[in-house]
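First, the structure itself, so that you have it in front of you.
Here the chain labels run A, B, C and D in written order, and each chain numbers its own residues starting at 1.
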Amino acid sequence: MTGLFGALALDRSLTSLLARWRDLSSAAGFLAQAPSTPDLAPGDLDMLAGAMRESLEARGGEVSARARAAALGQVYLKLSTLGRCRFLGLLARDFGADPRALSDAARRYLEAASTEQRAEAERALREAAEAPRVRLLTRFTSLPAGVKFLVDMRTDLLAMQGDDPVLRALDWDLRHLLATWFDVGFLELRRITWDSPASLLERLVTYEAVHEVRSWSDLKNRLDADRRVYAFFHPRMPGEPLIFVQVAFTRGIADNVQTLLDETAPVLDPRAADTAIFYSITNTQEGLRGISFGNFLIKRVVDDLGAEFPGIEVFSTLSPVPGFLRWLRRLDQGAVAQAAGLVEEDAEALAPLLAVPDWQQDPQLAEALREPLLRLCARYIAGPGAETGKEVQASAFDPVARFHLGNGARVERLNWLGDTSPKGMRQSAAIMVNYRYESGEIERNHERFAATHAVALSPAVEKLLRPVRRRRPAGLARLLQQRQPDPQPDPTAHESV
Amino acid sequence: MTGLFGALALDRSLTSLLARWRDLSSAAGFLAQAPSTPDLAPGDLDMLAGAMRESLEARGGEVSARARAAALGQVYLKLSTLGRCRFLGLLARDFGADPRALSDAARRYLEAASTEQRAEAERALREAAEAPRVRLLTRFTSLPAGVKFLVDMRTDLLAMQGDDPVLRALDWDLRHLLATWFDVGFLELRRITWDSPASLLERLVTYEAVHEVRSWSDLKNRLDADRRVYAFFHPRMPGEPLIFVQVAFTRGIADNVQTLLDETAPVLDPRAADTAIFYSITNTQEGLRGISFGNFLIKRVVDDLGAEFPGIEVFSTLSPVPGFLRWLRRLDQGAVAQAAGLVEEDAEALAPLLAVPDWQQDPQLAEALREPLLRLCARYIAGPGAETGKEVQASAFDPVARFHLGNGARVERLNWLGDTSPKGMRQSAAIMVNYRYESGEIERNHERFAATHAVALSPAVEKLLRPVRRRRPAGLARLLQQRQPDPQPDPTAHESV
Amino acid sequence: MTGLFGALALDRSLTSLLARWRDLSSAAGFLAQAPSTPDLAPGDLDMLAGAMRESLEARGGEVSARARAAALGQVYLKLSTLGRCRFLGLLARDFGADPRALSDAARRYLEAASTEQRAEAERALREAAEAPRVRLLTRFTSLPAGVKFLVDMRTDLLAMQGDDPVLRALDWDLRHLLATWFDVGFLELRRITWDSPASLLERLVTYEAVHEVRSWSDLKNRLDADRRVYAFFHPRMPGEPLIFVQVAFTRGIADNVQTLLDETAPVLDPRAADTAIFYSITNTQEGLRGISFGNFLIKRVVDDLGAEFPGIEVFSTLSPVPGFLRWLRRLDQGAVAQAAGLVEEDAEALAPLLAVPDWQQDPQLAEALREPLLRLCARYIAGPGAETGKEVQASAFDPVARFHLGNGARVERLNWLGDTSPKGMRQSAAIMVNYRYESGEIERNHERFAATHAVALSPAVEKLLRPVRRRRPAGLARLLQQRQPDPQPDPTAHESV
Amino acid sequence: MTGLFGALALDRSLTSLLARWRDLSSAAGFLAQAPSTPDLAPGDLDMLAGAMRESLEARGGEVSARARAAALGQVYLKLSTLGRCRFLGLLARDFGADPRALSDAARRYLEAASTEQRAEAERALREAAEAPRVRLLTRFTSLPAGVKFLVDMRTDLLAMQGDDPVLRALDWDLRHLLATWFDVGFLELRRITWDSPASLLERLVTYEAVHEVRSWSDLKNRLDADRRVYAFFHPRMPGEPLIFVQVAFTRGIADNVQTLLDETAPVLDPRAADTAIFYSITNTQEGLRGISFGNFLIKRVVDDLGAEFPGIEVFSTLSPVPGFLRWLRRLDQGAVAQAAGLVEEDAEALAPLLAVPDWQQDPQLAEALREPLLRLCARYIAGPGAETGKEVQASAFDPVARFHLGNGARVERLNWLGDTSPKGMRQSAAIMVNYRYESGEIERNHERFAATHAVALSPAVEKLLRPVRRRRPAGLARLLQQRQPDPQPDPTAHESV
């Protein structure tokens, strides 16, 4: 027991505390040092509750109270998942608002008669509703990496909360606190280059979620003269990008990611470019889920690039379609045939053909699949409302589409064989989408999508959505027979579609 | 009208907006340019309410909403005091929580039965209690100097709120928001030197509230090798010190401020010093009233100096006693005689003698006044409880004493003729106090003062409080006769005591 | 003796040495501490020579040799002027090239027959000609402020060398060494603003040589939004500007310095300006005499401002004419009359009228003096060659004119009452000159001035040089009688003209 | 021709020039763009000579002269090796000192009679001996990367000069110029960490000459908490380390490099270390050959580490012995036997045994070789004087030994199997040496080595040098028979020993 709670016996000096906290997070050996009860036995919980209360009461002054919070942080870091769950449960259950005070305030609010009384009662209610745990959590900010600590604590919390209303209430508080601190007005936009710290670049490699960084030379290629990487940072989490975007300068809108990631491709003079392609946007902090920066990041970068390179007239993404094939597999055959403009027979051949290994390297097959799949994907991107004219839920959209359409972009083009990596094949039959940000229509698009989920489409994409008058055989069934795909296809490969 | 609200017709680009905002705050001519209705006519208020609502609904997207907030800020800056009062009144009255939703949430909370229901209802209540205006205010952070704008807006609000519960509710929100952002964990401690930007040093000159900075050479003297100035800064208000402290290295505890501020005094090698004297602490932002940094600042500086100069063993202030003579004038003669250890006759001479111009330069007079006034001042500093043993209100203490005693310092010494400047003479008959921070007793002192307002006193100060057995004539009455003070004493001089 | 040479007993550690050197230069008390023989007795000189030799031989390794150099520097700093003269004399006399080796090398060079032999002999001669003292001086660079130390040592040397060929040879070496280090390619151009360190701004105040800075608010005015100050810095003398230029943005070419220095004048938006006026250029380091930065500084600033403010089309100085009245006093009356276009009688009245106190405030008198003095000044600025057509010495020109004409500027305009400060009245009868830098003609002007000292003049200035056909009385003699100048004019006032 | 010399048609503006120069060095395509005569035809040389002369005469002013120098630099960059050789030949031949002026100065020096005359004549001789090309070369400094350009130009020159006295004279000038600029006093010591720019770390990987960096994770391991990397930088070559040293904190003196480079080894808390091991020192700029920084770097790092970690008491290298086996192969068998303490038969088996592949993995063999090879290596390190007592040439020493012994280190220990990498096996039979820097003896060791090449040895190493009384069979011959080394050993493997 002593081992685990030894940290609670405090020095008075914040300095020595900071040093200890630093040791704690840097010393590799620390986590190995087994705490006596990493799962938190009941007795431990009582001690912990006492320590939390002491910190809240600011016993010994505010500086000491923060030192106590640091010690609690140390304990937290040493705990097992179960222990952490109990630690957070304690915070959630025992350190909410005082029920009696809050009930009184609620009653007084309900009874308030005049404007003045209501204003006063509302204020009092707000005060009574404040959870003391928020004050406790705030105390971590004075520690080095204290803000990161809270962000990571919320990552833990999100993983364990499920439907538990008590933990969800704690999560609401933590999210609210983080949202206040991580307001976009407090963030710094920084360009990341090959001259940035290696430790920062290493984080990019780790975090990049869209197109995996394969090596340091892949990374260097993404930081070349015809590229830009921008990220938002918070002053209290320096060196930790919150979100970053990768941009390529091109002539014309890029239609595939293979070329963009080709390290041997020649470097374009950015002053000769007419287009900026946003080909990867990554949120890095799970603990900031629900706090949005992407919209701001894109618009700030569009502004900055527009000012630096007047020759750039087109701002567009080259985006994955992560939900396409999952959606397609759920569609019944009739709907597939209808949307793809195929006869039934061919429509039935679609799924098995997509299970043919490396079909994208078979020119005949790829050509035959091209139009039906593009039509289907257009249908998917445009969302259910495009067909029915009815208003739909945002959750019915592809998540990437939802993000860009919500920002006011329009669907510019669908790109066949845009991403032939295993992931691209698996998610979207290699199709990628360009979402275009055109300054003259961003607000209007945003408003319409926000109000009715009406999607802005380019003429080319609209054309893909037009119903085919009379469907003729496209030969897919025949191709399937020729390819004789493995009669007992690898079930996992199929499932992975 | 167009002139005033023209700013609401928005550019889409945040960049151009930022530029305009910059112009706005830097261009000296701006405030002179009379807006059409700087007092805000009723029609103006309707338009304003509309603009606020649009920003809240984030019409056109979050970036546009922030641009709208910036335009509102421009309008605010152009308003008269009356106009600002109406602007804030609008925010306070019309942008609080939704009464219906809040009432529902209050009722549901009161009805919640299980722990789970209560947790959920508490969370919902917290959410319903949030005032939309807080979201609106938050939008200013993305503008350059937006945080400073809000701090200054609160300065306005504090000046105008009086007892108005509606405005006070707005103030509560604003203070709460600022307190979350200005948590001491987000602040940076920086040393200020003669190598700091002149623009920053100019601010020190303007803000310094304790001992006026008379000239740049006075300032330079306070930044000499045997001095230190430290300040807290917020990342979003760079160049703007929030609070600063001035420290002098000395041998022995300094007993007067004249020597400290003497530009011709020799410079001490700080490594030869045994004492650090905190001789001025100034809060600079009225708009952050009620958000405390002083305690942290002192303890951080004590830690840092202790680490840098192991030879420094004593940390003490040299502080003014702003309320002493005001308190003394209210005391009845009997109490004065009792506390000062004087016979009635001499006690009655005290006030007229303090009205003798430049009495401090009359050695005989100064010597005669010395002990009685020190005894009285000790009584004042120690607070009413020292005598009665009863618990007392914090407001009964001298404000400077309350601050340091609350931090855990002890009253170390009272210094006769410690500050003979006109202000020092007027406030405290030139007496100054050393409050000493001794690491071994800070927590204990803090706890005792927090609990019972018991004051920690050095033996020397305790001695001043001991009642005098038998009071003998001190000759003050006689001295008064000799000085024949102006039979018709300057009434203002007397009053100013 | 111990006191003075104690420093030569060395620590091995460069660190502790650096600390000592730092103490030395920062501790105010040091210079007061009288060395035993600040004039350097003969015995001292022997010890010194020994220490120099040890440092040169790098006894104990190169690090120790530098430590020894530092100790020599300490000794130097403690010496009287006489002592320093002896110290430098020792360096000059005893630490030049080895006479025997140099004679041999000279002989071998004279005997070299083939190209190869000559190349080799030239190299060997160069090597033999190197003075060991240069190596010794170089060693100071590793000390903090070591470069500044050498610059200041040269300031001493310039003051004492007179015509002494031995000291002049040392000066040649030192200047050569400094010129190599202070090549303009190693300098950094930095803008100085009100956000610059106060310690740097204080140096500007001290150094400003053209128009004295009267106060911190005068200085702040010179750093306002419609001003720019730029300076060159050397990486090893940070915080020490080598040369700085003050620029004002104006509409039209400024014709007087009173307006520019008027703190109450309104601030111009620099984007509305069409002209940049260089109104002060100051070299700060006497020890860098003969190493020129001004040309580069002006052209870099012209480039930078041109890029930042495309609206600025005219780059011009507003310059003093420091030698005008001195030159005028030496001119014989006939030449004065001729150049001024005055009859003899009026020409004779000129000098006494200029001795009338505050004549510039007498409108009638000022108007009468205007044309004759402008004509004379144009004659002075244009140089002797303008009249005679013969080639002339550069030294015949006003030093400020020589600098700007040599840079390729042209004489644009002479400004009556351009500088009515006492210094302006005393030097140039208040006349100032605009030298204009026009990018299309800079090279041509430079070449012509460099080749023949032909001066580029604007048509307006050329007109002032045209001889007056028939000279009529200008009434100066009459005005003199009316003013009845003090019959016994203050001789110093006269002399000061 | 136009293509090649087009750059000589100059803009007046330095700004545009700088931009062009920047393009030049950054644009990858530049070098591919074939100049019309990259070998420099005779006509080209005349034009080039003309351009050089114009730059020297500063035609059009100093700024233009530097622009011209930049254009010359562009031409140089485009040339082939032959063209560069001719370019440098032109500089060397035609831009030395003026022969007539130098001859005159030489004669006048030889005739000088008095001290004054000699001082003056020496100064004049120095002036006349200055090569104009030095002024031309200096002009490059104002260009971005101009200093690096000159360093690289010297790299070219060193490769092509051979014994040509004309080119060697040019090299002397260039080295002299660079030595003045790269004086250690102008360099900045910086620590390199995982937070340093990736572009800088990439350079470390490229430059590292002692123990090849195999990957970014190998590099990261060398920047871990128990490591330090320090480098010297020049202010005008930022981002370009001139020399760097890699240090490991250990307990006890490290005896092999495998452990140090093991990425999986646990990280030591540096405060628990008692020893700092310098395990790699790399000079990066061939163009700075002959300008030494290593001595300073080591001593600065020793000072800094000693101040930061008082617990570190031992500073030692772990160094390769690059010349050992080459020396051994040249030794005759008798001397080998004598030094190794072996009988003849065993001595003869040495070389073939060292040719056995991977002998170090054969424990019996490795053990048998251990003592004889350590004895031989000690003999090699100690230098020829150790045996004979005679004074010897510095060139007789191992280059690494010469460097550290010259700095004042002593030979502390020889480490068997200290570096079993292919390179370590090939150069030194895997032996490594610890050179120890002990502050108390550095100066004495340095002096003795400088004077007589006497080598400081620890008792353990001295013991290895003591002659063996009676030599007994060590069994090497027998082992050789057992191993039956390939009867026709791979001749290259043998040669590589």
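In this text, a residue touches a chain if its C-beta (ideal position, glycine included) is under 8 Å from a C-beta of that chain, and two chains touch if they have at least 3 such contacts.
Just so it is clear, the model here is predicted, and its values are computed rather than measured.
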Quick check on the interfaces: A-D is repeated by which of C-D, B-C or A-B, going by over half of contact pairs matching?
B-C
Please compute the C-alpha centroid of chain B, do the same for chain C, then give the distance between them in whole Å.
50
Would you mind pulling out the distance in Å between where the CA atoms of chain A average out and where those of chain B do?
43
Geometric centre distance via CA averages, chain C-chain A, whole Å
62
Taking each residue of chain D in turn, which ones touch at least two of the other chains?
none
For this entry, which pairs of chains touch?
A-B, A-D, B-C, C-D
For chain A, which residues are in contact with chain D within the complex?
26-28, 194-202, 216, 220, 225, 239, 267, 269
Which residues of chain B touch chain A in their complex?
12-15, 59-64, 66, 92-93, 96-97, 99, 102-103, 106-107, 109-110, 115-120, 122-123, 125-127, 129-131, 138-143, 146-147, 164-166, 168-169, 172-173, 177, 180-181, 183-186, 235-236, 292, 295-296, 299-300, 303-304, 307, 407-408, 439, 442-443, 446-447
